[in-house]
Each structure stands twice: as C-alpha cells, then as structure tokens.
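Below: one structure in structure tokens.
Letters A, B, C and D mark the chains in the order given here, with residues in each chain numbered from 1 onward.
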Amino acid sequence: MMQELLESMLEEHRHWTKMGAVATYIPELSKQDSESLGICVYDLTGEVYHAGEWDKPFTMQSISKIVTFMCVLQDNTMDTLYKKITVAPSSDGFNSIVNLETKNEHRPLNPMINSGAIASIELVKGKNVEEKYERILQMIRFLADNPSIEVNQSVYLSEKETGDRNRALAYFMKSTGTIESDVEELLDAYFRLCSVEITCKDIASIAALLANDGKSLRDGRELMSKKICKTVKAVMTTCGLYDGSGEYAVSVGLPSKSGVGGGILAVSPHKMGIGVFGPALDAKGNSMAGVKLLESMAHRLELSIF
Amino acid sequence: MMQELLESMLEEHRHWTKMGAVATYIPELSKQDSESLGICVYDLTGEVYHAGEWDKPFTMQSISKIVTFMCVLQDNTMDTLYKKITVAPSSDGFNSIVNLETKNEHRPLNPMINSGAIASIELVKGKNVEEKYERILQMIRFLADNPSIEVNQSVYLSEKETGDRNRALAYFMKSTGTIESDVEELLDAYFRLCSVEITCKDIASIAALLANDGKSLRDGRELMSKKICKTVKAVMTTCGLYDGSGEYAVSVGLPSKSGVGGGILAVSPHKMGIGVFGPALDAKGNSMAGVKLLESMAHRLELSIF
Amino acid sequence: MMQELLESMLEEHRHWTKMGAVATYIPELSKQDSESLGICVYDLTGEVYHAGEWDKPFTMQSISKIVTFMCVLQDNTMDTLYKKITVAPSSDGFNSIVNLETKNEHRPLNPMINSGAIASIELVKGKNVEEKYERILQMIRFLADNPSIEVNQSVYLSEKETGDRNRALAYFMKSTGTIESDVEELLDAYFRLCSVEITCKDIASIAALLANDGKSLRDGRELMSKKICKTVKAVMTTCGLYDGSGEYAVSVGLPSKSGVGGGILAVSPHKMGIGVFGPALDAKGNSMAGVKLLESMAHRLELSIF
Amino acid sequence: MMQELLESMLEEHRHWTKMGAVATYIPELSKQDSESLGICVYDLTGEVYHAGEWDKPFTMQSISKIVTFMCVLQDNTMDTLYKKITVAPSSDGFNSIVNLETKNEHRPLNPMINSGAIASIELVKGKNVEEKYERILQMIRFLADNPSIEVNQSVYLSEKETGDRNRALAYFMKSTGTIESDVEELLDAYFRLCSVEITCKDIASIAALLANDGKSLRDGRELMSKKICKTVKAVMTTCGLYDGSGEYAVSVGLPSKSGVGGGILAVSPHKMGIGVFGPALDAKGNSMAGVKLLESMAHRLELSIF
C-alpha cells in the first residue's frame, strides 16, 4: 500500500519539477535532468519503499551538513560548540556573509548554512583537516549503511572552481579567528563533502536512523546517541531549509535538510525516514517538487511533528 | 506522582530565578517579585497539576501573539497572510526594525515578533480595530475556558506610555502600506492584549487544547481546527522564543511561546499543555528559571517532539 | 554677461526636467509643474542674476535642515552635538531607519538626513518645541533677508498626514533616548519647517551669506560666525545630497543642500550663492535638471572647490 | 616663517601620539615607534618645509589608493568606473563586507575603502595584473618625483600573511563578478601597493601636484589632467578618512587620504601639498596626532576649502 501510495503521489506531483530550475552556479549541477523525481521510504522495521528515480545518484550538497554536525556533536560539548557556532535560525540566504560581520560575535548563526558548515568541519576530531574529512565521509557511509559511497569528482572540481562565495565566507571567519585551519584545505574538505554522491535510498537510511533515535533498524544497537539525534532534528527543523525553514515547518512539519543537488532528507520521528530527489529548485534553493511531494505525504499520512 | 514531580522540580530550579532580571522597560513589570516561579500542567484527560505560584496572575505579553495568530488563521488563507506577514524565523531581537526596511518586501518576518503581532491584529475579522481586539480577547477567554480574564489596567497604561519602540514599528509599517489602520488604535489594541492578565493555569489550558489538536478536553468537540493548531505549533517552534528559538528547540524541544511578563506556554503534542511563570528573564527576554524548568521536565518525561 | 549665461544655460538644460519625476509621497508636491526650472545667483557684491522660474515659490523641504543645523551650531558645542548626532556621511536613503538600530550608538549619522534633522530641532535653544521652531523660522527669514517667508499650509498638512516614515524615525529615537521631546510636537515643527515656502532668490541669498563666511553682503557685519559657516559647508559637501553626495562632489563640487521640493542651495565659497529650482527629481530625490544645470555652471565658471 | 611654524606646531601636538596606538593587525606595522611625528609641506613654487621625522620611511597603505584611483581615472570613463565602483561615502569601517552583499548592486561604495581599492587595480590598464601593478608603482614614483621608491618586503610579506579579511572581500567580489582577475594575484598587487615605502616628502609632493591641478611645480607642464585631480580631491574629501571623513571635513577641511601606516596626504588646493606621518592611530585607523596637527594648521593658515 505504501508502495502504491508513493508511486501515485510521485506522478501526481511530477509536474512541479517544471516550476523550478536546476542550480546553475555550480556548472556541473546544471547538467542534471530537471524533470527527475524520486522518493525512498524506510519504515522502522527496515522495510523499504520507493518510486521514480529513487536510485539515481546525486550529490549531497548541504545534506552533508547534518552528518558533519553529528560528528561535531560526538566530538564536542554544546559549550565548546557555542563558542564557535550557534544554532539560531537565519532569515538570510544560505551563503550570506552579513551576519558574520554584524552580529553573534562573528559566529555563524547555525551549522546548516554554508559559513556554519565550513566552521563545523574544523570542530570534528582529527589531527588535520584530511582526517576530519575522512571521519565525516566514513560517518556518511556508516549511517547510510553503504560503504561504496564516493565523491563525484567532476562535481567536486566544479565546486572547487566556482566556490568563491564560500572562500569569502571562510577567509572572513579566518580573519576573525572563528576558524584557524588553512582555508583552502578546509574548503577542499567542504567541497568534497558537498560532492558526495548518494541516492534517495542512502538518505532515507540516514533519516530512518534519526527517526529511530539512533538505534539500528536491524538490531537495535545504538549507532548514534539519542541526545545527538534529537539535537540534529531540532536544528533541522529550525534551520534545515535555510530561510525557507519557517514556511516548510508549517507546510510539511518534518525535521528535514535540503541540498542544492535536489535532495531532501526528511525524518518522521518514530515512524520513518524519507529521501526525495528532484533537482529543479525553488527560489530559496530547495527542491520544488520534493517539497510539494513531502507536503502531500505528510498530510496524507499525518506525519507532522506538531 | 506528576504532582510530586512538579513540586520537586520547581524547588530544584527555583535558584535560577536569581540569575535573571525582571523586565524594566515597562515600568509596571519591574515591580514583579523576581523570585516567583510557578507551573501548571493539563494532561489530555483534563487532569490538572500545579506547583509554586501557579495561580499568581501575570500579564500575557507576547503569549497573546499566538491567540492573535489563531484568529488570523481562522479569518484568512495562508496566501492572504503571506501577503502581509511571513513565518520566517528571525535572528534579531523581538523589537527589531531593521528587517522591515531591508528585506522580505517590508513584511514582518513572523507573527511572533512585535512587528508581526501588530500587523496580525489588523488581519483579524472585525469592522474596526475595537472589534478585532474584542474578538481576540474573547478568543483568549474561550481557549483558556476562563470568562473572567481581564486586562491589567496599570500594566496597559505603562505599556502605552513607554511603547515608543512599538510605535516606531507600527508607523514604519504604516508608511510601507503593510498596515492600513490608525496606528494609535492598533497599538492600543496591541498594548491591551499584551496586558491581559492570566495565570499558569490559563495558559496551560490553551496549551492543552493545542496539544489535543484543537479538540476540547471535556467533550472532544473541535474548538479550533487541527490545521490551525499545527500551524501555530510549527511557528511557535521556529519563532516562539524570539532569537532564542533555535537553542530552545535543542534544549527543550517543545512548541512554546514566551512573554516578557515571565510566562511560557509550552505544548507537548498529544500529551499535555504546560504553563510556567517566572518573571526573572534572560538576555533574550525569556523566563530564566522557566526555560530551565521546562528543559528539565522535557528531559525527565521525554517530551521533546524531535 | 552672467545674466545671459544663466538664461542660455537654463534653456540648454530644461530638457532634463523631462527625465525626472516630481515627488509623489507627499501628495501636495505631486501637483507641481514638473517642467519648471529656475535659477538665481547672488555674487558677493550683492548683485543678483536670475533666469527661468526663479521667483516661483516652492517648499524648502530638506533645505531647511541647514538652517536648523546653523541654529544647532549657535546653541551647542560640537561635543554636545556629537552626543546626539554625528556628521558622518550615510550610504543609505534620506529616510533610512536601519542605522538607528545597528550603529553609531543610536545617533543619527548626520543632520542632513531626516532622522538627524528631527533630532536637531530638539537641540535648538527654546523653552519648548514651539520656541525652537520659531527660532529656526526666524533664522530662515533673517538669513534670506525676507521677513515675509511663511509656511505653505496645504503642503504642511499633506506632510503631516503622510509623514509616517518620519514618525517611525522619531518614535525610534524617542525609544532610545536620542530625543526626549513629545514626538508629535517635534514632528509638527519638522513638517512646518519642510513646508516653509521660498524662492530661488531666498536660497541664493542664504547661500551667498555662507559663501561670504557669514558676513553681510551689504555691510560686512557678521551675521553668522565663520566657523559655523565652514562647518555647515563641510557637512553639506559630505552629506548634502543624501546618498548622492559623493557623485555630486565629483560632478559639481560645491557645498550644496537639496530638497524634495526641487530646490538646491549651492555655495561657491568666496564667489557666489546659487539657488536652483526644478521639481522633477532623480532616483535619489535630488532635482534632475537642477543638478545638471549646476554641473554645467560649475564647469563653465570653474567653481569647484576641489 | 613656515619652517618655524611647522616646528613649533609639531612639538605642540606631539603629545597626541600618546593617545593613539600603532596598527597591530599587520604585525610588521606594530613595530613602529608610536611617538614618531613628522610633517612636510610643498608650496606651489616648489619650496619645501619640514619638521620632525619628516624623512622617516613608512608604508603608504591606503594612501596608495589615490594613486591607483588616478590610474583608473586615466584609463576609464566615469561610466565604465561606475559599472564596477561608485564614489559614495561609507559609514562602515574600511574593511567592511556588509555593503557588498546588501546594496549598490555588489559594487564597492568607493575606491578609498579596501574593497573598492582592490577592485580598482583591475580597472588599471595592463595585459595582466603584474602590468597593472607596475603601472601604479611607476605612477607613484612619477607623481612623487622619486624613482627610488620601493616596496618594503617585510611589510608586504606580513600583509600577505595576515590579509584574510582582504581575501574575503576579494573572493566575495569575484563571486559576484565585480572582479574577474585571479584573486591571489590581485591581492598580491594590493598588498605590495600598501607596502610601498615613502616619506612625508614623497606624499607632500603628490599632494602639491593635486593642489596645482596636475601641473608640474617645476615647469607647469600637465602631469595629470585637471579633471582627474578635481575628481580625486572630491573623493578624498567625502571618503578619504573612511567613516571619519565627515568629522574630518568639519575639523580640518582639506581633501586628504590617510593610511594605517600613519601617513596622511592633505591637499590645500592652489596653496600647498602636505604630508604628515604619525603611526599612533585613532579608533577609525587615522593618525591621531596627524589629524590634530592638520586641524591646527588648517585653522592657523586658514586652509579649509569650505
């Protein structure tokens, strides 16, 4: 029944892909098929359902920010975190630099926007940036239960080549002491993490783990602490769709994280993990059809956390 | 057992009242006993528990904003609402004017900050401001199931006398066409709504109704639509504690609305409604001990929505 | 020869009146004939030259800010002034409110923008706002050597009725303690001063006095101290055409003050005082043809102070 | 007499050096002797006067911005310039990034702040950044009539090493298309220009040329067009001392450009060129004693342009 539901809902909302546009500021992303739409759902018994282009690979982009954040939470106390990054929602775009100069003592407002994610990498355990990067990549594979996950090299190179706005954010934070690492190394890790290639199934798997408060769907073993899972879901709810987070909380009501690659990872606590993919984006950088599909699904299955 | 729990937790956290300070910018509020602390809980069977100064009256202040917002949602479509006010979290203080000039097409970011609440009153049904005000006041009485709720006249006069920052917000919105009413009339309604005097029990009662998705605890009759209740809880979660909303979502994890009078209305969906009162505030204008008490309670009873 | 020059230059530049538009946010101003253009020049021997609609009355609007500022300078030390208002150029529009919240310790950046001019009135000597207003009005008459100068009542009423943005500025400053007077009284004085009706000849006369370092053209008597005249000319140069001041300094190079009524008062130190009038404004609120005419004249007569 | 005046005034104001502090954000600058104070004056007959540490070398820092700007004006029309950089005064600090995101269509407000100066280099004629840099360096030598002027290598390396804020500005402009060159190459040129080592005499010489409207003091030959000289002096007046420009126009009243190396180049049109050096800075980054000395001198010799 879930299977049929996903299939019918997906077709019902596919026309929304035509209302959005693929990201163009990263040239490689602009090559995506704008009409793609896929979904994958994991329920907490480990059952998987999917429809559309659910197994088409795409890059995580900002979805990687939540895995980085989970590593940060494992490796730091909240007090250590708050010295460098807060968890305040932002009403500016994901790549805004204004707040770094004018408020919050030069700390990024939250780890879900670019500045905060770049600064987050530094807070992950590791002797050097490379080790920090490796730890996060391994965590993605571990949480998605998919050891074959890799970086898409051409997207990575495209990000690196055109990542000047991110460079501005990073150098600004270097100048204020918010970060201390070599900027290009840190950005290189950031660009690679954005370019990690996954499918709807991979992110649904991570979402399911968050939905299950960190316990393995297979054997109930704790893979991530409950406290960290709750913190991540709270921050996803207030900051996960950038400056569209408030409207999304009203229309969908699920802790979620979007990426400009077109993916959205959505968590229905104690019920299911969801991954959607639709690269045509709305004005705020979130998957156009993906949001519509999740809205409809949350409504039909009464998933809102509120 | 709930009764004992409340009593012991309240005493355990009362020392936090000494870490905050009562609001002083409204002279009448500065007269409050800063060491007060009270709590009231309604479970969804209608059972009531309380501890401390649970029946000490205090003024709603910003807590009234959620009732105004419920009226707005009853009287408007989301599209009509979004033309005037969005539901985007703000990283600025509750009385900030900057965003009205620089972004969001002169619309207040959300109805939980002062500018948004003032503009909200205008969207409530009514031939004139007085009728709009009456509708909101009646709604407060109705939702709290307490017809004897009244405005505290001396607080109201104190607000009116010192409300120049709110005047600035309102006149700015008048100049951009965001509001059209007579500014002083609209502010008068706003000041009176802020000065509505309630107790922990009253706000716990409203919270319980939201927790029950709008259905009466007594007879299950729908007093407010489920959709409106979910919208209100979503907006409370992302914007309810001003620029402290993000950190509060992490530490407490309950849709809540605070007021500078010291009250916090917190909703545990499908479980209970909670009202706390502690007039000593933290730097962001939220009850110092109230937040600590709710954090501890959410943790002990596993109430977080995430 | 000056007479012929003025006449030919005026006709040469009249077509620029068609490129601008009369102010519409004050309804009375929108009734002006957009194709008017006039100029009057006083040389320092007291000789007067004029062309076009030089004797058509128009309202001073922001030009009154320099007379208010002269009174402020007579009645205060620079230190007293700087406690309330600075003399820093602004890169925002004349009615911007952002800076009052975010920088300069809630002080208006300079006395040539609306916030600064409103706050200036309070710093003028006088037992009450009415006396302060009277002092400034008398100063206008005295400096223009024209006792028959009066307020245009219909413009004043129009300003008062539509002055919500100015109300926002004033109430904001009241809330931060930048001003202490009754806001409506202070604004009433401000609106009346904006509505003072003058001609090109009147402002050329004031300009000539500034050009002559405060000494009467008739008898050399000091009507205003040299120091005040220099201060006023410095502030006119850096702030006199709002956020267009920088470009104007390059293209014209004369200490000047514009008003949305279409007037510009321009000072050529030790040479002449100039008044122009052309109510069709550019995007920054400055007379379109007026600026072009002054640019051409400054070039032809080598008047730039640089 | 001028000689005696300079000597007595310099000693009179030397105590102000103790009220400021040398720049510390560029480590090499912090090694300067904070009590140094020197002055040099060129009158338009070519006569030179000096006092104090007038021949002590120091780095140009932001004073180089005016020579870069002169090259820009030689190589571009105003229209070409305005497409990339405006000439609007800024009320933010010299290294502010906020305006690049929020206003002026991502153009730096003016060429006297860091962002504007970096963008200016690109507008100078040259096949590549190296040629542009060479053109500006040669222009410095040419205008100062001193072919032995060189870059201070240790300051340059110090700037390069600690220039992260400037990197943030440049990468931001790269991301918006305001600049197109390789960022590190452009910054390298910028850092070298900031590190050009000169004396009070060198900048007095450049100032004298500006005072003489571009004509050689020796033989009256036009070394720089009058129009460019006037434009530079206008922009120096409105923007030359960063956000302290307004107050400086009032207290001194001379087109000037300061640098965090402690130098100030001041122009008294048609009278003289002045160079001062005092590395102890005020809060806005301008020479503390230098400003006081110029204020006193402008007053004593009636030099104000207003």
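Please note the rule applied: a contact is a pair of C-beta atoms (placed from the backbone, for glycine too) under 8 Å apart; a residue touches a chain by one contact, two chains touch by 3 or more.
Note that this is a predicted model, so its numbers are computed, not measured.
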Touching chain B and also chain C, the following chains: none
Chains touching both chain A and chain B, listed by label: none
Longest centre-to-centre distance from chain D, chain (CA-based): B
Computed distance of Cα centres, chain D from chain B, in Å: 54
Intercentroid distance (Cα basis), chain D paired with chain A, Å: 47
Between chain D and chain C, distance of the C-alpha-averaged centres to the nearest whole Å: 31
Multi-partner residues of chain D (each touching 2 or more other chains): 102
Set of all touching chain pairs, with the criterion as stated earlier: A-B, A-D, B-C, C-D
Residues of chain A touching chain D in the complex: 96-98, 100-102, 164-165, 167-169, 171-172, 174-175, 183
Contact footprint of chain B on chain A as seen in their complex: 78, 86-92, 99, 103-104, 109-110, 229-231, 233-235, 237-239, 243-247, 249-250, 253, 255, 269, 304-306
